[in-house]
Amino acid sequence: GTRDQVRAVGSSTVYPFAKAVAESLAKADPSLKSPIIESTGTGAGMKLFCAGVGAQFPDIENASRRMKKSEFEDCAKNGVKDIVEIQVGLDGVAFAEAQGGPGIALTPEDVYKALAKNPYGKPNTAKTWKDVNPSLPAEPILVYGPPSTSGTRDALKELILTKGCDENAEMKALKDSDKDKHDKVCGEVRDDGAYVDAGENDNLIVQKIEANPKAIGIFGYSYLEENKGRIKGLTMKGVEPTYATISDFTYPGARPLYIYVKKAHLKAIPGLQAFVTEWSKLWGKDGALAKLGMVVAPDDVLAGSAKAVNDLPVLDGSQLK
Amino acid sequence: MSPAILLLLAFGLSLFGWLAARSRAWAFRKSASGVRLHSLPNFHGWYVALWIGVPALLFAVLWNTISSTLITAHVMADPAASLLPGFGFERETMLAEARAVAEGKAFGVFNEEAQGLIAPYRTAITLYDSIGLIVTILVGFAGGAFAFLRLKPDFTARTRVERAVMALLLIASLVAILTTIGIIASLVFETVRFFGMVSPIDFLFGTHWSPDPMSSGAPNGKDYGAIPLFWGTIYIGAIIAMIVAIPLGLMSAIFLTQYASSGVRKVMKPLLEILAGVPTVVYGYFAALTVAPMVRDAAQAIGISSASTESAVAAGLVMGIMIIPFVSSMADDSIAAVPQAMRDGSLAMGATTAETITKVLVPAALPGIVAGVMLAISRAIGETMIVVMAAGASANLTANPFESMTTVTFQIVAMLTGEGSFDHPATLSAFALGMVLFLVTLTLNFIALRVVKRYREAYE
Amino acid sequence: MNAEAIKTEVKADDRPYFDAPSKMSAKNVSVFYGDKRAIDDVSIEIPQRYVTAFIGPSGCGKSTFLRSLNRMNDTIANARVEGEILLDGEDIYKSGMDVVQLRARVGMVFQKPNPFPKSIYDNIAYGPKIHGLTGSKAELDEIVEQSLRRAGLWDEVKDRLADSGTALSGGQQQRLCIARAIAVDPEVILMDEPCSALDPIATARIEELIDELRGRFAIVIVTHSMQQAARVSQRTAFFHLGKVVEYGKTSDIFTNPREERTKDYITGRYG
Amino acid sequence: MTETVPTTQLTEVQAQRRTRMAGVLARRRAADRRFRWLGFIAVAFSALMLAFLLVNMSSAGVAGFQRSEVRFDIPLAGSMQIDSRRLTQSDPMGGLELAGLEKVVEGAAKKAFGPDADDLVAQGAWREVASALIDDPSLLNGTYHASLPASDDLASAQRGEGDAAMQQVAKKLVREGKLVRTFDKGFLSRSDATSPQSVGIWGALKGSMLTMFITLVLAFPVGVLSALYLEEYAPKNRWTEWIEISINNLAAVPSIIFGLLGLAVFLGLFPNYRSAPLIGGMTLALMTMPVIVISGRNAIKAVPPSIRDAALAIGASKVQVVFNHVLPLALPGILTGTIIGMARALGETAPLLMIGMRAFVASPPSGFTAPSSVLPVQIFLWSDEIDRGFVERTSAAIVVLLVFLLLMNGLAIYLRNRFEKRW
Amino acid sequence: MNAEAIKTEVKADDRPYFDAPSKMSAKNVSVFYGDKRAIDDVSIEIPQRYVTAFIGPSGCGKSTFLRSLNRMNDTIANARVEGEILLDGEDIYKSGMDVVQLRARVGMVFQKPNPFPKSIYDNIAYGPKIHGLTGSKAELDEIVEQSLRRAGLWDEVKDRLADSGTALSGGQQQRLCIARAIAVDPEVILMDEPCSALDPIATARIEELIDELRGRFAIVIVTHSMQQAARVSQRTAFFHLGKVVEYGKTSDIFTNPREERTKDYITGRYG
């Protein structure tokens, strides 16, 4: 059988942007049926996406991280060979607190020391920010952040914690000698109550830190943008999380968002090509996605992505981790 | 041929057979007066109708599954098919497009290559449709003729039709068993895979839960200790919720059955039942947005600074409210099952209503009430939306009800809709958790039903 | 009890029935279920220390009237009583009346034995406990033993007081219920067809027991068996269609009924 | 048999006991009253919670049926090169787009609100103008008094949130009567969208209806037939005991596990129909069926055995007894149970999350196999939206769902009261 | 029916009871509920065109035996019948026997009136309909009218045939049930205490009806009232503890019982 509407699955982070693209496509070309976007989470989406080629399998995977090698192999095993990877934008992992909060100046290193389970291999005993860095206030460490099942958490790990960790030369060396151990020491988050898993609903984190000015929240940048009046971003190495700083990577919390497209479906599913093209129309600086809180990727990346939309290069599995 | 047409055809033929057989049976009666038919003419009708309808339907279903393969094979033999791309999805799509046009479901094709296939499709479809039609009719006729020839005045049509009815009833009730098997089958495979990666001992007895779905390398069994989840589940569902639901439910049942006037009962009983009818997603929203902040503020006001917005209390409280009608209706039933004579006996001794309830009715109904509570617990620990929306994600092993806790159902949803890949033990743990949940509720129900049964029998 | 005994019994009570002092008296009592009048203007005296039998065809209102004597009718939502029922001269339907205390004074035994699903001991102890009759465990033990003895059940159950009351045989259960009623030391005992669920042997035991008990209590018994009424009672009231057709000494009613309807009923013309 | 002389005097022991009894009486009465009060409080508390829940939800929901609209005039006469006859042909929307309606609307907005008008009027709002024109082509010759959805930013500014500058603008416009909050008719006829200003509930509602239809068609016959089998025919053996155990157990299996079943079995069998009401309905049918069986069995049990005896004694066969007498008498009870089971299915969320019904579907489903959402899942999705405008919309969706559930519960209660104890 | 009539009746039938041709006969029948033997080796003849009464104390197995005569026992899961029961010489428990047809030939009326909750007309018409007795509506109307006439109910209900059968009074309901049983034209009618839920007047109506009907059917009636047995039956079987203690002409049993136990029971020594 066949299908006459595009189907995309995957990340809940990309979901609102994909929705907007779908809506825009449906308006632009009423003859096409509106694409179906399902928010399954990147992992579950990958499983669906890689299950095979055919009408019953999704055409597009939205991802808030890069495809993993294991997933690529799974795809290949099921006959999903030609995959096009397109980076559509950025998401910032922002640190924020209530409007009336003290406004701590953070660095990745401090965050690592405050939140890692075993900073530099030793159990974390820090109770207050002062314990981490004497120049910080003696406020207790209380951070609300995303749960381990979410992409934002993965980004936190990769973009902040590991970076902070690697500022220590020993750890950097460890990376080459014992990668698994390095992952553990640098990536594991403490679970003694200083870091609180706040569930998938980022709105709740916003509410929580609003209610507790001493707490810090970690979430996708779009939430900061949307709740500007109620919370404010915290500087990281002196850089404030803003649109500009995230998109030029001066704020260290930016992570790329991708869509993966099955080449084999391009000819078979009406509207798929148009949908991908629609992304490229909306992801620019003045595009609709930026208004929704997506951070626009730097110009060179965008240029590359635009080229990818045209040329549809096939993803090379050997680059993946 | 659309399945609907074959279906209609089978029904039409059956109706025809029904009418024919019925009039034949009437004829028996008329011709030989004094002969009593064994079965009513209607039953003769049904007998023949079944013999026509069932084989025709079976054939129609069969034909429906094979005809499309036959049609495709026929089309592939056409020269136009050689233009198709060699293999795979595109080719399938084009075939499907051509077919859709040929069947009149679509007006044009999206790929030009499909254009040439429309005509071959038309011929093939016409051909196989007519074959299907004719064979269906033949099968129906054959069955009908066989049945029709057996009709005679003392033919036991009723017995036979009733046997068919019985078979239908039996099949219907087997659906339940199939469902149970389906549930077990859909859990067991992934569960086994999970236990291949994480030892069941670590899983069932470990006290630390922090699987990382993004981690690579061999999983650390130490991170898969599900005790905090079990604890959270029990604490929220079986302790906090029950502390709310049991007294309120039991006292409501007692008030409504023993004290309230029939007018009050008529109004209040259905009102309370509405509490059970409110969707859990609404409760979840209510818990997350209204109750949780209230609870946190209240707790902070009395000096519990660690109070979390996602406290176990908030979720448990709302869950308890949801369960009230469940407990009260079970208690109501059990109290009603205590014979009126017990109540009369006690009142005739000069006991007050309260004494009668607490000293006679409730003790006598206790097994039923306990069973009801067990069912309520199994309901509460399986509840998903409230905890997904209002309970936390942190697997705390704590007795402080104002802290955030997580539950089995929460983790199932989180893992299955999360970031991890599907071959990762963290994701697979959802199935193992589902299995545990299933087995626990199964046990609770099994015990509860046994208790109820034994105790009901005691009075019957 | 044999046929001779019945004879003697009836003899011994050969005084006019209004001689006996009255324990309870009903004056122009009517009972309604909703709009339906089940008892119609009944006046009757229940004498002290006698057994009074209510007989009559099914549905004539015997049970209804009996239940109005200790206000068990209150438990039926739409039941309503008119007229006066006096216990020792006090109207039991007067507004300040405490039904709890009334029922302690006017006990009741039902058609089907209804022991509580508790131990034999607790079955008996229930009444004294809730009424606060005893101060100590010893006193309570005393009451339990005495009640069981009086009900003629002590020897059969003294070694198994902790067993459940429901584990006894039907006849024993009924005696247990009688013992339970006695335990709060009532003044009147009402029995609604106490033997109809029992076999002949158990029935005979209960009848004997009733005879022994009447020395202490006023007893009212509803029965559908005229033979039983003749055997155990000294006074008989014949009910028909909600009215008392005839009330008098049992011996008179059975040997020399004044009313035609009574005669017809007793000779089995109907019912 | 001896006659003692009857007296009415109490013995000393009796008299003593009477005083004791009278002594504790007041306390017992008080205890009885307290107990009664406790019961009353329990009922009252439960009722209050229900009332609180309903009022809480619906008061927030009322705002969700409204949206912010900006009002300005669009002079249409002579502004576009388009014939009103074009509007009755196919694709009139395309015609208006070609004719430059978007620019016209934009221009009018700029005239009314200044150069920042783009930020005030929702994107694509011109389509509403277009729809109005298609409905009534005569408008082309006059000035159209437009009331178009405000942009999300302006809408939240009107609620007093977000950017301070925008809030000033909103205040000014409100004063001028150019910005109003007004009843949003479209909420009940549109589907899901990105902006809270343009979402609607109809798509999810239709999805729910389609799903419920499948559930009913599958669960009702199977449930009733199983109930009949178990209650009337099943011999007491190990097989039927297994059937009984599984049914009773299925009634209590957590709903999320049915979701896992649907994911593994139904989506395994019909991978094409992910997110479709067909699969959702099948999954929910398995959940609802045991509820129907259990209530059906109770209803069947309540049919007095004397009716069966009566029919059997005239020579009715077992099947005739059941289908002529038992089933018709039990039907009201079965229907009550069915409605309650369906109401539960209508509110069910968790299993549907597992089978892909949490998709963004921008148009109402066209059939049983088209991807779709359902009301409770829509509520769940909206509750997770970033934009704060969704908070009210979520409550409004909850109100819609609750209305349906209350109607169903009411119907069940009515049926139960109407047919209670007919014999 | 008055006392004189009963007398005459008994007189008219003053032949030895084995003279009457037998419609049904039970040979060494035992009935078990699980392991419990409720009927123990009973042999008895049910004569054509007579009324046979089964009497005996509660629980002696009267109903059990009665229900085994039209295999209503089949509906009780653990009931099992041993021995032979013949209807016109054919064993009703033989393997090929169609119970549906058997029950059309051996009808039954129950203790509690159990009309279907349908119209009076449908109550009667149901049997003829399922047995295909009629071809046309007119024929069916005819049967309904005739059955109601025979049951003496026609005049009371002819204007309200569409009313529900459950809206009738108890006595009318019971006559409706009898009419319903007659409507399928059975050969034997079994009645299990048909009057025990009725008032005396309704009882008298039913007794009259039974007397009228016996010209056409063999009738078996279980009753707990010896008076009733004496009034309506020509043959009486006295059951005790699952056995038939005595079976013979009603006049003999009541005036001159052969067995001591029968005598005791009849004179009210027990029961």
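Labels A, B, C, D and E are assigned to the chains in the order they are written; within every chain, residues are numbered from 1.
The working rule: contacts are C-beta pairs under 8 Å (C-beta built on N, C-alpha and C of every residue); 3 or more make two chains touch, one makes a residue touch a chain.
All values reported here derive from a predicted model rather than from experimental measurement.
Engineer: Return the chains common to the contact lists of subunit C and subunit D.
Structural biologist: B, E
Engineer: Give the fewest steps needed to get from subunit A to subunit B, where each step moves from one chain to a chain it touches.
Structural biologist: 1
Engineer: With centres defined from CA atoms, tell me which chain sits nearest the overall protein centre.
Structural biologist: B
Engineer: If you take the mean of the Cα atoms for each chain, which one ends up farthest from subunit B?
Structural biologist: C
Engineer: Quick one: subunit D and subunit E, Cα centre-to-centre, how many Å?
Structural biologist: Measuring from centre to centre gives 57 Å for this pair.
Engineer: Let me have the rounded angstrom distance from the C-alpha centre of subunit B over to the C-alpha centre of subunit D, please.
Structural biologist: That gives a centre separation of 18 Å.
Engineer: So, what's the distance in Å between the C-alpha centres of subunit E and subunit A?
Structural biologist: So the centroids are 85 Å from each other.
Engineer: How big is the gap, in whole Å, between where the Cα atoms of subunit B centre and where those of subunit E centre?
Structural biologist: It comes to 50 Å between the two C-alpha centres.
Engineer: Would you please write down the residue numbers of subunit B that are in contact with two or more other chains?
Structural biologist: Only 158, 288, 352, 355, 388-389, 416-417 qualify.
Engineer: Mind pulling the subunit A residues that touch 2 or more other chains?
Structural biologist: 1, 12, 39-40, 55, 200-201
Engineer: Find every residue in subunit D that makes contact with two or more other chains and list them.
Structural biologist: 28-29, 317, 383
Engineer: Where do chains touch, given as pairs?
Structural biologist: A-B, A-D, B-C, B-D, B-E, C-D, C-E, D-E
Engineer: Which of the residues in subunit E come into contact with subunit D in the complex?
Structural biologist: Contact set of subunit E toward subunit D: 70, 72, 75, 77, 100-104, 107-110, 112, 114-117, 126-127, 130-131, 166, 177, 180-181, 183-184.
Engineer: Residue numbers of subunit B touching subunit C in their complex, please.
Structural biologist: Where subunit B meets subunit C, its residues are 262, 339, 341-352, 355, 359-360, 363-364, 458.
Engineer: Help me check something: in the complex, which residues belonging to subunit E touch subunit C?
Structural biologist: For this pair, the touching residues of subunit E are 3, 57, 59, 196-197, 199-200, 203-204, 225-227, 230, 268-271.
Engineer: In the complex, go through subunit D and note every residue touching subunit C.
Structural biologist: 1-4, 6-8, 10, 13-14, 17, 20-25, 28-29
Engineer: List the residues on subunit C that touch subunit D in their complex, please.
Structural biologist: Interface residues on the subunit C side: 5, 8-9, 12-13, 20-21, 23, 47-50, 88, 98, 100-101, 104, 130-133, 185, 187, 211, 215.
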